[in-house]
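Structure record follows, encoded as structure tokens.
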Amino acid sequence: MSEYSVIGKRVHNVDGTEKVTGSAKYTFDVVMPNMLYGKILRSPYPHANILKIDTRRAKRLVGVKAVVTGKDTLGRKQGIWRRFPELCDEEILCRAKVRYIGDAVAAVAAIDEDTAEEALDLIDVEYEPLPAVFDPMDAIKEGAPQIHEGVELNININRHIEWGDVDEAFEKCDHIREDKFKCSSQAHVCMETHDAVASFGHNGKLEAWTSSQSSYYIQRLYADMLDMNESDIRVHNRHTGGGFGSKFELDSAQFCAAILSQKLCRPVKIVLTREEEFTATKRRTPMYYFLKLGAKKDGTMLAKEVRVITEGGAYTAMGATALYLTGFFSSFPYKYPNYRYDGYRVYTNTATTSAMRGFGAPQSTFVGESQLDMMADDLGIDPVELRRKNGMTPNYEVPGQAFIQSCGLHQCLDKIEEHIKKQGKLPPNHGIGVSAYGFMSGGIFNWFNTPYAFSAALVRINIDGKVDVYTGACDMGQGSNTTLSMICAEELGVRLEDVRIFSGDTGICPPDLGAWGSRQTLMSGNAVKRAAAECKQQLIEFAAAKMGANIVYDLDIKDRWVHLVDRPERGVSYFDIVKETIRGKDGVAIMGRGHYTPHRKGMISPAYSFGVQAAEVEVDPETGRYKLVNVTTAHESGTVINPLGIEGQLEGAIMMAGGYGFCEDQPMDEGKILNPSIADYKLIRSLDMPETDILEIDTYEPEGPFGAKEAGEGLTNPTAGAIGNAVYKAVGVRIYDLPITPEKVLKALKEKEKQTKKAKK
Amino acid sequence: MKKELKFKVNGQPYDIFVEPKKLLVEVLRDLVGLTGTKRGCNSSSCGACTVMLNGMAVKSCSVLALQANGAEVVTVEGLATGNKLSPLQKAFLDHGAYQCGFCTPGMLMSSTALLAENPKPTKQQMKEGIDGNICRCTGYNSIIRAVTAVVKGEYKEAK
Amino acid sequence: MKMEGKFTMKAPIQKVWDFLLAPGTLASCIPGAEKMEAIDDKTWEGTVKQKVGPITVKLGFTQTLTEVDPPKHVKAVGRGAAAGGAGTFSQETIVDLTEIAGGEVEVAYSSNVSMVGRLATFGERIMRAKINKIGGQFTQNLQEKLKSELGQ
Amino acid sequence: MIKDFEHFAPKTLKEALALLAKYGDDCKVICGGQSLLILMRQGLVAPKYMVDIKGISELNYIKDEKDGLKIGATTTHRAIEKSPVIKKKYPVLVEMETRLASIQTRNWGTIGGNICHGDPAGDPVPVLIALNATLTVAGAKGKRSMPVENFSLDYFEVDLKDGELLTEIQIPVPPPRTSTVYTKFNIIESDLATVSVAASVTLGSGDGVCQNVRIALGAAAPMAIRAKKAEKVLKGKKITEALLSEAGEVAATETEPISDIAASEEYRRELVKVLVPRMTKEALARAKKA
């Protein structure tokens, strides 16, 4: 580690001081001269035709400046799967039909929020309610209401993945298990709700500030929906109050603000209420899982067959990706020689399901790791041992799919085994459950159909030696601005405080696909590293000439010192070299460009990270209530750029993924989410948070910048499975549907008691 | 009908007229112009709007602005002195006790109020102290570590 | 929200039926019903006032008999909106009469109430509890009215 | 969105009562507002007039008197939680308060406001029932008092007539060898109760016989209730495991729980069956030590 002077140091985020002093400005805080406030009217029906919208009364309200409906739009449909026009199915402002409770039908701009809200009550919408369907298992049946015209059986998309000969392999198995599971929904609950300030000038150009994970996507989708040139749209990404997968699609706040602003040539700000955030933004995909797993007596897994039906909600969104990834990650992190996946995403009259941290993998990991423990039980093999026997290893090829270079799964298993042994005999009703996982470092897919490189960066060195990084990457709190600044500083041989970063402003930054799929450390990191390297090369060329060094010597820069690698004492000040290089280049600031697009890395991702988690629970067998006692994670993410950042990602993931296993859910009644507030949507708070321990494993990923890979989403995958397995270890009951509530545990305990009594008789 | 509201924010006296329906958070953000205080929910649940009112942590979205008449309010902007951060602010930085930062002003106000009331809280009391605040990023433990460091006196000279 | 139940009473089926179909019988069983006006022989209009703790809800509503199959089956559909745009609700009540041995009639009812809008979204916990209760009262009223009317 | 209203901030009870008499149904009383403001923000409650009693200092007190504890209605939860005399003599109130919502809410919210909100899942009422507390309300016509268990009438409805205000909570001095305990069951520690149980046990002298017992349940019916039949099972008897378990079973029959997003009706009954014996046993153990 000591070879690095910046990387591997515990540093606070580059924007930390602003955040702890309250001076960080979020879109939520943006106020502009002449600005209006917008509100959105939403459908109270899960499925209905819009017969008539009368906005006259609303327009007459004093203070209302504009009311728009679908008729004021170009009537285009948008979607993030742009390569497939049939999957671009969301109008945002509905013109003829609403498909879920929360679909937008009109928007108002007024002098303040209260007036805008009052105006919503004055818009008369005549609906013709249509039969609706809420469960994908019903929606897929013959005769179910059709949600999108021409989409048979409401099947939005299906995916198939297969390798080996699954049927033949099952015949050779000594033991086969078939199990059914159900994974629930989950809300992102970003602390800053979706919001946007859109400002059209009289020149017809749009400037927008929005809380987003991908300024480039928002810019491009705006261009699609408004029929504009990308370059006439500038999207700013200020501080972003969390994203977790919810903020890289064009949302109703962004779109409605733009439509209103276009009409008025005044800035319009829309901030979604918390209720809208719960009911009218995207959410995690609920899934029905049907698993078949076959093994030899010795624990060798021969075949796995997976069928999944997902609740798609009203539109495609990123749900198609979740469908694909849940299928791929169902094989993780094991070497199944034979594997088959069939997934169906089904439209329903519910809020759209899409990307959320982990992207289908928390679901597949919960069901897969639960079933694996059941298999271990059946075969009488220790669960850790079973995982070890089948776990992925470095340089493993997932047949026809992916190539895994670095992989520290086995070291993680060893560490977790050690951790469990150290706990010794547990008190009664305690149990430790294990769950292994892997995840990608950015996706290779390009369904967005971008002609640009996946990541790009510009680095500029100014006369004083200070460095500016320009990147389209977006920091939503995960700390990418810090990680990228560190990568730049390390590559250039300067200190972190020498680097200033400009990110997510499409007006000045080269396009980058943004912060999703755990892509920024590896992909944006590589782009920044290359851009910095290009700058460094210019400095070194100049320094070599100036120093008159023998041609056999290599030059490098470390901690602002340009020197001979083999004789580090021989060198010159970085600052001096910068000044002279700029003078020597006719006064042009030193600039470097870098980009990254994965090539020849399979179909999924250029790199994967791995880990194993052990969760300890204490169950009250009389009530089913259990307490999360401790969650210990052994994980590897290649070279650690900022240890403080990784700890934060890990502990934060446990809060979110623990919540997915423990308490978070979105129960519905006829398409209506019953808990659209933080009072009713249960989130883990500080008193509920388990103790967390981290066991760091060293690996090096050749594809990553300085050997780094993802450490963001993968950590969300294991916890629900580990909790389920822990509850089983503690009291011997298995819960097949998330979340694992005390009520379900108690019910299962009573059922078990009944069965035991029966067996005794 | 607007009514007079006289109060102090971060030591600065204000004398303004507000509509009775205005919540303290709205007055602080929109009329006083201090946007450090955030709003994250509509149900007094998230704690992002926490400020100190006469030394007590309260959720400023659940207090009528007029109820703060005559009171002293401290917001996150009032924690640092000039460019000198408070011990908790420093500890939050060093322990990575924030990520997206949206809950951070509320977290800081809750922990500041906690330590003002009880300079030596137990771990359980620290957890109780921030239990009214939701953080979706950090998982809370780093916040507890930051508060612990301050309690242990690691930031004493910063005072 | 669905409520179901049945009870039996000793009375000729036609008599039970006639009463059930008498103008306003079903509507007036709604707890808190204040004003009831018959528009025609199948439609009533009225207002309902309900207080749930600090929340006072005033609903204007219309109830229509949509299926009438004498003397066995009747379906009434109600629609309403709360004053102040707080929400709308719809309600569907089905009553089935069956003659059983001994001159008794079994009255089976099911009622489904759904709400949309602000009331439904926000006051979930409060409204749900209350609606359950209103549903219970509705069926109780129906039973009591029938029994008292038919002298039982 | 909150609709605007006229705001009055009376300084005395008398002024407040006069305002209430004047504006009747069109006005609402606000104190800490921790529950009311949520409903107002949601547009469910929109009073024309608001009588803000937060500043009435004559109702803000904790008095330890000969005949018991007196708490003024505008006393904050936090004041109760931090009161040394309550901690010493009525520790169950402190235990209850520390589990009530968050510190921020307790700092501004008041005991009177909580009781008047009439939430069946509220924390104070079951404990006050177990402590045999009395409430006093004042109106234009004078004052009246009632046992706390008679105050709640239905979901979020309490026995306050137009123009009346809750003024005081009185808790009698518990008999010797009495202990009162409280627990609430929920998934998230600081959340509202899925079910809560308060139990108070008074032991007879020396013989270990349960001389008196009061059991109160929260979130198990439209309002906090007393499980009187379950009390009967235990009263005057030497407590055994079998009796405790019977009391739990009986208590479950006294409930009228609903199914909602937090739990089903059946589960709530199961919880009552488990928690009633558990808390009674706990109270018993503490009473023995007292």
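Letters A, B, C and D mark the chains as written, and numbering starts fresh at 1 in each.
The rule is short, and it goes like this: a residue touches a chain if its C-beta (ideal position, glycine included) is under 8 Å from a C-beta of that chain, and two chains touch if they have at least 3 such contacts.
Quick caveat, the model's predicted, so the values are computed rather than measured.
By C-beta pair count, the most extensively touching chains are A-B.
Mean C-alpha position of subunit B lies 51 Å from that of subunit C. Each chain gets one centre point, the mean of its Cα atoms, and the points for subunit A and subunit C are 48 Å apart. Subunit B and subunit D have centres, each the mean of its CA atoms, that are 29 Å apart.
Residues of subunit D in contact with two or more other chains: 38, 42, 189-190, 261.
Chain contacts: subunit B has residues 42-44, 128, 131, 133 touching two or more partner chains. Those residues of subunit A in touch with two or more other chains are numbered 275, 674-675, 677, 679-680, 683, 685, 687.
Working note: touching chain pairs come out as A-B, A-C, A-D, B-D, C-D. Contact residues of subunit D toward subunit C in the complex are 28, 36, 39, 42-46, 117-118, 120, 154-157, 222, 258, 260-261.
Interface of subunit B with subunit D (complex): residues 1, 3, 19-21, 23, 42-44, 47, 50, 53, 56-59, 61-64, 66-67, 69, 110, 113-114, 128-129, 131-133. For subunit A in complex with subunit D, the residues that touch the partner chain are 113-114, 117-118, 622-623, 625, 662-663, 667, 674-675, 679-680, 682-685, 687-688, 741-743, 746-747.
Here subunit C touches subunit D in the complex through residues 51-55, 84, 86, 118-119, 122-126, 128-130, 132-133, going by the rule given at the top. Partner subunit C is touched in their complex by these residues of subunit A: 44-45, 101, 121, 275, 279, 669-670, 672, 674-677, 680.
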